[in-house]
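What follows are several structures.
One chain, chain A, appears in both complexes that follow, with chain B as partner in the first and chain C in the second.
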Partner chain A sequence: MATETAALTARVKEAALKRGALVCGVAPAAAFDPLAPDGQRPGDLLPGARSVVIVGGAPPRAGDWISPVAEHLESMGTTQRIEPVGRAVAVFIEEELGYYALHVPGGVGRGDRAFLSLMLAAELAGLGSRSLAGPVLHPRYGMLYYAAVVTTLPLDPDRPLETPVCPAPSCVEMWEREGTTPCLAVCPASRGGCLDGRLENGRFVRTAYKRDLCGTRVYTNWIGSFQKVLEAALDEPDRDRRKMLLYGSLFTRTLWSITYAGQSQAQCFECIRVCPVGAEYRTKK
Partner chain B sequence: MAFFAVDPALYRRYKDQILELSNSFQRDRNEHLPPGQRRPGLSDREIAEQLGLEERVVTEIRCVAERDRYGLDEWERAIEFKRKACRDYVETKILRFLKPSDQ
Partner chain C sequence: MGASQVEPSPEESVKQVGLKAGALVVGIAAADAFNEYVPAGHRPEDFLPGARSVVAAGAKGPTAGAWRSPNHEVMEITGYDFRENIAVHAMADFIERELGYYAIQAPSLPTAGHQPPMSMMLAAVLAGLGTRSLAANIILHPEYGMLYYAALITTLPLQPDHVVEKAVCPAPSCVKMYERLGTTPCLRACPASDGGCLDGTIEGGRIRHSFYDRERCHSRAQTYGPGSFQKSLLAILDEDDPARRKTMLCSDFFTRSVSALAFYRESVAQCFECIRVCPVGKVHRVNKK
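Up next, the complex of A and B:
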């Protein structure tokens, strides 16, 4: 039985990599229960869930990261390239192996919340660990996009990383030298940014993250900006000023962004742009 | 009204408490912190139990409050922040962070 499970696990991972995943891991469905909120656990989505297969990949390309046009990286950071990989893995599990497989949608479910935390899934599957900046970082590739498949298929789970990827050695050195890290320096909460934290003995011992503020940066041209401009326009009694709001660059680019990608776009990468984890992979000639 | 919407007075009364209890501002949430030090935000159901409200009411108040928290000017600051950070990075930090062998 153990051999059979190991063989199935290898087949699923091979299928994921063949279909475009850069990395693939497996987390036991039950591992989410003590960590994920009620309603966002694998068993809430699929009765009888045993395993969660997580595929990662589709990062912005090295050229995207060094473009001086901020709007370029804003446009390239999207989950829509990894989503089809997740769905293809679900199809493989159902069609080839005969088990239920639910591809977790990348959007939001109830209350503007994710169906399942993909970051938690990636962490439980040993694909990376959470960073001071927030995203899960893979030891080699740094930030990746993830998709997850919840399945009744019993698989051999991977284990979370024993040593966290963040902080990187160079960040520990920077902390000891300057009292900050690249991500904390670029977006410090003390100066209107989203991040704060403290390192001790090479590990972070305090973290702080302003999620809603980050939302204005990660989704500058997305649902939030649409709602805010619309609200301002509805409140604006002057017809000409309403036109400035609705025809202006923020609302126009927001509409472009929403229609450009059916999936979520992450539109701020400044904390990750300066992150040394994955920098070697992002470095080209 | 045909769809569920929270009473504005109820919203104003509870929005700050609900944001404080939720994941809106995450302090020491990271999994790699020692277990006793982690402070994950509460789910809507847990917040509802703590405040004596219905879960649906908490969910709606949280959704509205998360959007309401920052004014439109914060979106303008976001644009300026990213343009400046991107420019600074390309102009001064590529060698530092992307080509360690060149240092």
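Up next, the complex of A and C:
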């Protein structure tokens, strides 16, 4: 039985990598129970859930990171390429292995609440650990986009990382020298930024992340900006000004962003740009 | 003794990845070849320092079946499936992961105004995939006619393909028609002199001058998309009468405009008449069982 589960796990991971994932891990569905709120657990999405398969990949390419055109990286940061991989893995599990599989929707169900925390899933599947900068960092690749599949298929789970990826050794050195890290220095909460934190003995003992503030900067051309411009247009009594709002570049880009999400979603990467984790992977000839 | 395996060249390897990912054609241009044709700010080097090559991928739009559908709404909503973009992503990943060079998707969507950051049409021409036509300047591939194009920029040095030396447009049958009637199929389908978008003259079997009313064509070819959404929304917001506002909100036009945003890959181009009559690539639009 154990051998069979191991073989199935290997098949699922192979299928994920073949379909475009850079990394793939498995978390036991029950591991979410003590950590995720009611309604956001695998069993809430799929009765009888046994495993959660997490696929990661599709980060901005090394070339995107070095482009001197600010709009380029703004329009290339996307989760769009990892979502089809998640769906393909779900189809593989159902078609090839005969178990229920649910590709967790990438959007939100109500308010800002995700159906399942992909960051928690990535951590539980041993793909990375949380960072001072916010995202889960993979030890080799740094920031990745993730998609998850909840399934009734019993699989051999991976273990969470024993050593946190963040802070990297060079960040610990910087903290000891300057009392900050690259990500905290680039976006300090004390000066209008989103991040704060504290290191002790090479580990972070406190972090602060202003999610709402970050959201307004990271997603400047996305659903929020659609709502914002629409509200402004509705409130604008002057017809000419209303026309300018609706035909302006902000609203036009927002529409392209919503329409053509594969190209335009996230608009700020500065905390990750300076992160040493994955920097080697972002460096090419 | 087994046959020795010949290692594919980087050019062949990259192209194979693109073709396998869904591109119908893939071509390579030298990055600096753009400098002669486009202003600073729109060249490959402007987006990726050290850019050496541009790889363009072309994919089909409507299928042969869509071209012959008697229901014109079918063509209006089946103009695009993004295969060329997928091929470009696959090749860019291959170049970075397997060959170790920088690669980015060439930006083609405007970030302000209407000008694209980089011309995919020029990329296709310089990569030897086709030439400009009388039909709205659309790049025609010698074999397939109109294709959709995407491109990547990379620091990987690749041997560029030759540009197509013999202009694809006008096709021989169009030259004959021009000599006989003073027009071509596309010019006749949409003549600028009669409220259409196209005009041009042919001399010595080549295009001597061409005219394309881009703004007019845009308002007809992309009747459902971000532009029509903005137009409808403005009209709806300007409407004071709740009953009329409701009618506008629930109208076919607005519904299709929203649908065009939500299902973009199914709905972007709504007029194909100049290409419908084009002989280039026609064999791929007919002769199916």
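Going forward, the second predicted complex is superposed on the first by the 281 of 285 C-alpha atoms of A that agree within 3 Å, B and C clash if a C-alpha of one lies under 4 Å from a C-alpha of the other, contacts with A are read in each partner's own complex, and residues count from 1 in each chain.
As a convention for this text, a residue touches a chain if its C-beta (ideal position, glycine included) is under 8 Å from a C-beta of that chain, and two chains touch if they have at least 3 such contacts.
Here the structure is a predicted model, which means the values were calculated and not measured.
Using the contact criterion defined above for the overlaid structures, shared-chain residue A:V69 touches chain B and also reaches chain C.
Once the two complexes are overlaid on the shared chain, A:K285 sits against chain C while remaining clear of chain B. Of the two partner chains, chain C is the only one that A:W256 touches; chain B does not reach it. In the superposition on chain A, contact is made by A:K210 with chain B only, not with chain C. More residues of chain A lie in touch with B than with the remaining chain of the pair chain B and chain C. In the superposition on chain A, A:S51 makes contact with neither chain B nor chain C. Look at A:R61: by the touch rule set out above, it reaches chain C but stays clear of chain B.
In the superposed model, A:T180 makes contact with neither chain B nor chain C. Looking at the shared chain after the overlay, A:P276 reaches chain B, while chain C stays out of its contact range. Taken together, the two complexes place residues 66-69, 74 of chain A in contact with chain B and also with chain C.
Contacts from chain A toward chain C in the complex involve residues 20, 61-64, 66-69, 71-72, 74-76, 81, 230, 233-234, 239, 242-243, 246-247, 249, 251-253, 255-256, 258-260, 262-264, 284-285. Put simply, chain C touches chain A in their complex at residues 46-49, 82, 85, 89, 92-93, 96, 100-105, 107, 109-113, 117, 153-156, 225-226, 229-230, 233-234, 237-238, 260-262, 264. Of all the residues in chain B, the ones that touch chain A in their complex are 19, 23-33, 37, 40, 43-46, 59-60, 62-63, 66-67, 69-72, 74-79, 81-83, 85-87, 89-91, 93-94, 97-100.
Across the complex, chain A meets chain B through its residues 35, 37-39, 65-70, 73-74, 110-112, 120, 123, 129-130, 160, 164, 170, 182, 186-187, 192-193, 203-213, 215-217, 220, 224-225, 227-229, 232, 250, 267-268, 270, 273-276, 279, 282-283.
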